[in-house]
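Next come two complexes built around subunit A: one with subunit B, the other with subunit C.
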Partner chain A sequence: MSDREESFSGVREAIVRTFALRSGDSIAAGTTSADVPGWDSLSHSLLLMAIEERFGIDLPLDRVYEARNVGDLVDLVEAARSHV
Partner chain B sequence: METLIVYGNCQAEAVATVLRKHPRVQAAYDVVYFRSFEHPTEGTGILNEADAARCRLLFEQYDAKAPFPSAEKLPEGAKRVRFPAADLHLLWPLGSVNPANVPEPPRFPHGRFSYGDAAIIRRIQSGATAAEVLEYYLERSDQELPDLEKFLRLERARLEQRDAKCDVKIAAYILEHFARERLFWTVNHPTHDLLRVLINALLSHGASSEPRLAGMTLDASFFAECFPSEVLGPIAVPIHPKVADHFGLAWYDRNEQWQYYGETRTYESYFREMIEHGVAARTSPQEATSE
Partner chain C sequence: MPTDPNIALGSSLAARLRDAAALTPQKPFCTFLSRGKDEAITYGELYDRSCAYARFLSGHGVAPGAVVLIILRHSPHLFYSFFGAVLAGAIPSFMPFPTPKQRGDLYWSDHETLFARIEPALIVTYKENRDTALAALPHLRVPIVVEEETALVTPDSREYPGLHAEYDSVACLQHSSGTTGLKKGVMLTHRAIDLQVGAYAESIGLDSNDRVASWLPLYHDMGFITSFLMVVLRGLHVVALDPFEWVMRPGLLLDSIEKYRATLTWLPNFAFAHLANATKPGARWDLSSMRAFISCSEPCKPRAFERFLSRFRDCGVTEQMLAISYAMAENVFGVTQTKLGGAPRTVRGVLSCGEPLPGVRVAVARGENFAENGTVGEIAVTSPFLFSGYYGLADATRSKLRDGWYATGDLGFVDGGELFVTGRLDDMLIVNGRNYYAHDIEEAVSELPGCIPGRAVAITVEDPATGAEGLVVIAEHEDAAEPAMTAVGIKASLLERFGLAVHAVVVLPAGRLVKTTSGKIGRNKNKELYLAGDFAGAETNV
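And then the complex of A and B:
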């Protein structure tokens, strides 16, 4: 598994956990908050927490609320992991 | 008469409700609430063309996903004041969508337990009994709480970044006062104390172009007289004791009777009912959702 695939897998895992989904099968890079029940601006913070815990990283605060989809979150994870 | 339009979620509706009661606002404007979301029983908001054409002042709640959709209908001189939603997830870090919750009008148009709890939902989904879930929640849910200082850092960033897109700012007030004053009943339902701060900030901004609002502020006695019951307080979601301890919530009472649609619940009874409701929905969705 490549680093990016690993990042994607971890983000998907965090989404499933945060939003109590039964499965992450429908989560793709293009998935947006509108596609996941309960993913709003409030719960976005919880998702970010779950992602940070999952990877042991600090996400860049100035960019985390601008992410438009799962792919953007994976990009942020990749950038943060490269600085660990 | 000119209109003062308030656009946004249930908080915006509360703002409109409060403003309508004030004699000076009543004398100057027709206050119109324009819903930004789809209500489970009342549907989407509709702005009357005539109300839009008479608009003098628009209080627009900022929402990147639901911007005010009728800007072209407003007269040229209408003043727009953009304000943020007042919300805070910090006190409910296990907050989640509740998959067992469904609208049950007329008493529960948003459902009985519209504010879910991730620790409870995970246990229910794992197949545990109601008694097992409750025991776990009361005795061991501490371990599911996130790093609260990290969460504070994220919430601060969220609130401040949203404030940056608004004329009215509320983040600093919330972050400075939430531990010593009760500002929220739920993640997105502010108390009268916070609602008053928000409305006064709106009036102050509006007054820059509207002399009729100059010097106008609402005090606590106005709220007490006009709204003996909290406008957004039909339900108060219990706060985890460890969260209260961590943030040193001065107003927190472990033995509080939490408001629940005209009744009260203890911390334990609230979660017991939520768990039983969730387990019933898991085993028999139809029965669980009927009155």
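And then the complex of A and C:
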């Protein structure tokens, strides 16, 4: 598994856990919060915490602010992991 | 009443800012936090930049008495444009901006009726929002300016008309948040704001050592008064965070309390739970500088306080730091306040909102009469700083403001001189501090493809994960419509139209929603069924 695939898989796992989904099969790079039940602005912060815990990273606030979909979150994870 | 001899009663807001800037030009007014950067703004800078705005607005034809709408994201221009309008003698009003997920064109078209009623002379906004407005409302004749345009204007020492505004003239409009049906401009005079700040400051024992930390938006009375106007009128220092950044990283508020040794912060109920839930379990802050975390603007739940206390007890938070205020824009802000330094009482499972502020009277009405102590009825309020009416809405003013009393629409009872709020008379729902009428949401759902007109209910239910009240829409679908698609459509539409993220959508076959004896679809009965799991199985939860 490439680094990017591993990041994607970890983000997907965090989404499944945070929003108590039955499976992550429908989660793709283009998935947005509107596609996932329970993903609102409050629970978004819980997802960020879950992602940070999963990878042992801190996501930079200014970049997180601009993330629009799952792919953007994976990019942020990639960038943060390369700095660890 | 204010006791500080340095406070000049009878002056306009603009004159008060001028005097503060002249007396203590280098004193910090605000530490403005955005994207990880701190920007310090002194009272001198606040006044100078506001003067530049006043000149800019006057140059754009804004005459004294004209309404200026301010639709800005987190930016120091919020402060400058507000006081600029006040200095120009105009009447500013902060309005919410479209959220990132809301469709800009729908946001603007939803405001057309409001614009027709209040006839603003000018709108200050950010570039992206102006572009959307110009595309969505090509016939709109109101000039829309972008915040950056004012940077080229320099202030001068002219006598701005707002400095001599009458104490009893309207200083600003406070528009409530939520669906457009709720957007009424509460007219607030210089006197009302001044007296409210005096009474509220007395009720919390405010002094010059107090420092406010806030993530609250200024288009809502809680942030507008506690974390902006009260700060300026009392010469205090506020640490101002971006509401959107705070929602994503609630710990930012605690970072700033610790760093700037803040003493006061105001939070709606959901924020207590959010702080407890969405900060990393091992993280610690020194919050011992705080005098009070004041819960306001949503019914305060004992459980939210318990979660907050158990999460932050080892950061120096004590039960005595938790306080509650009952407030509304129609009274400028505060109506009641619990005593700081003593935990609020609970009666019949309801937390006390405290005693009325000095000068405020609260009564509970049952029909034409006042109810006895302990009896639940509609809460009515009168005070020396009650609003003077809704701008351009004489009928709405008459129906809510009678014989000097404001009928709040809230239900509650009085016990031992303290007010306890139990619910609402109408169908107003509060989601994350914003107000929505259930019928506005239900009407919007009724118009969607696949939905049966008049066969939908909007309710709120506590989300155990976040501790916040979440919106649940239960709608019946047409036989030919695909339930999952209908549900996705409802969710997307409410997000685009109102910027409202729905917690759950339940789509049922026709006839499943229960009617009341009068033939209406009852929200309470269907909520009970939903909570009891009666709709499980037929449920399509997107």
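By definition in this document, the second predicted complex is superposed on the first by the 84 of 84 C-alpha atoms of A that agree within 3 Å, B and C clash if a C-alpha of one lies under 4 Å from a C-alpha of the other, contacts with A are read in each partner's own complex, and residues count from 1 in each chain.
Rule of thumb we're sticking to: a contact is a pair of C-beta atoms (placed from the backbone, for glycine too) under 8 Å apart; a residue touches a chain by one contact, two chains touch by 3 or more.
Treat the numbers as computed from the prediction; the structure is a model and nothing was measured.
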{"item": "Contacts of A:31 with subunit B and subunit C, given as first, second, both or neither", "value": "neither"}
{"item": "Partner chain in contact with A:41 - subunit B first, subunit C second, else both or neither", "value": "both"}
{"item": "Partner chain(s) touched by A:64 [first = subunit B, second = subunit C, both, neither]", "value": "both"}
{"item": "Subunit B versus subunit C as contact partner of A:49, first or second or both or neither", "value": "both"}
{"item": "Which superposed partner A:22 touches (first subunit B, second subunit C, both, neither)", "value": "first"}
{"item": "Contact residues of subunit A, present in both the subunit B and the subunit C interface", "value": "34, 37-38, 41-46, 48-49, 52-53, 61-62, 64-65"}
{"item": "Interface residues, subunit B side, partner subunit A - complex", "value": "65, 87, 89, 93, 95-97, 99, 116, 118, 121-122, 125, 146-147, 150-151, 153-155, 157-158, 161-162, 187-188"}
{"item": "Subunit A-facing residues of subunit C, complex", "value": "35-36, 101, 244-245, 247-250, 252, 270, 274, 277-278, 280, 432, 463, 465-466, 468, 470, 491-492, 495, 501, 503-504, 541-542"}
{"item": "In the complex, subunit A residues that touch subunit B", "value": "17-20, 22, 34, 37-38, 41-46, 48-50, 52-53, 61-62, 64-65"}
{"item": "Contact footprint of subunit C on subunit A as seen in their complex", "value": "33-34, 37-46, 48-49, 52-53, 60-62, 64-65"}
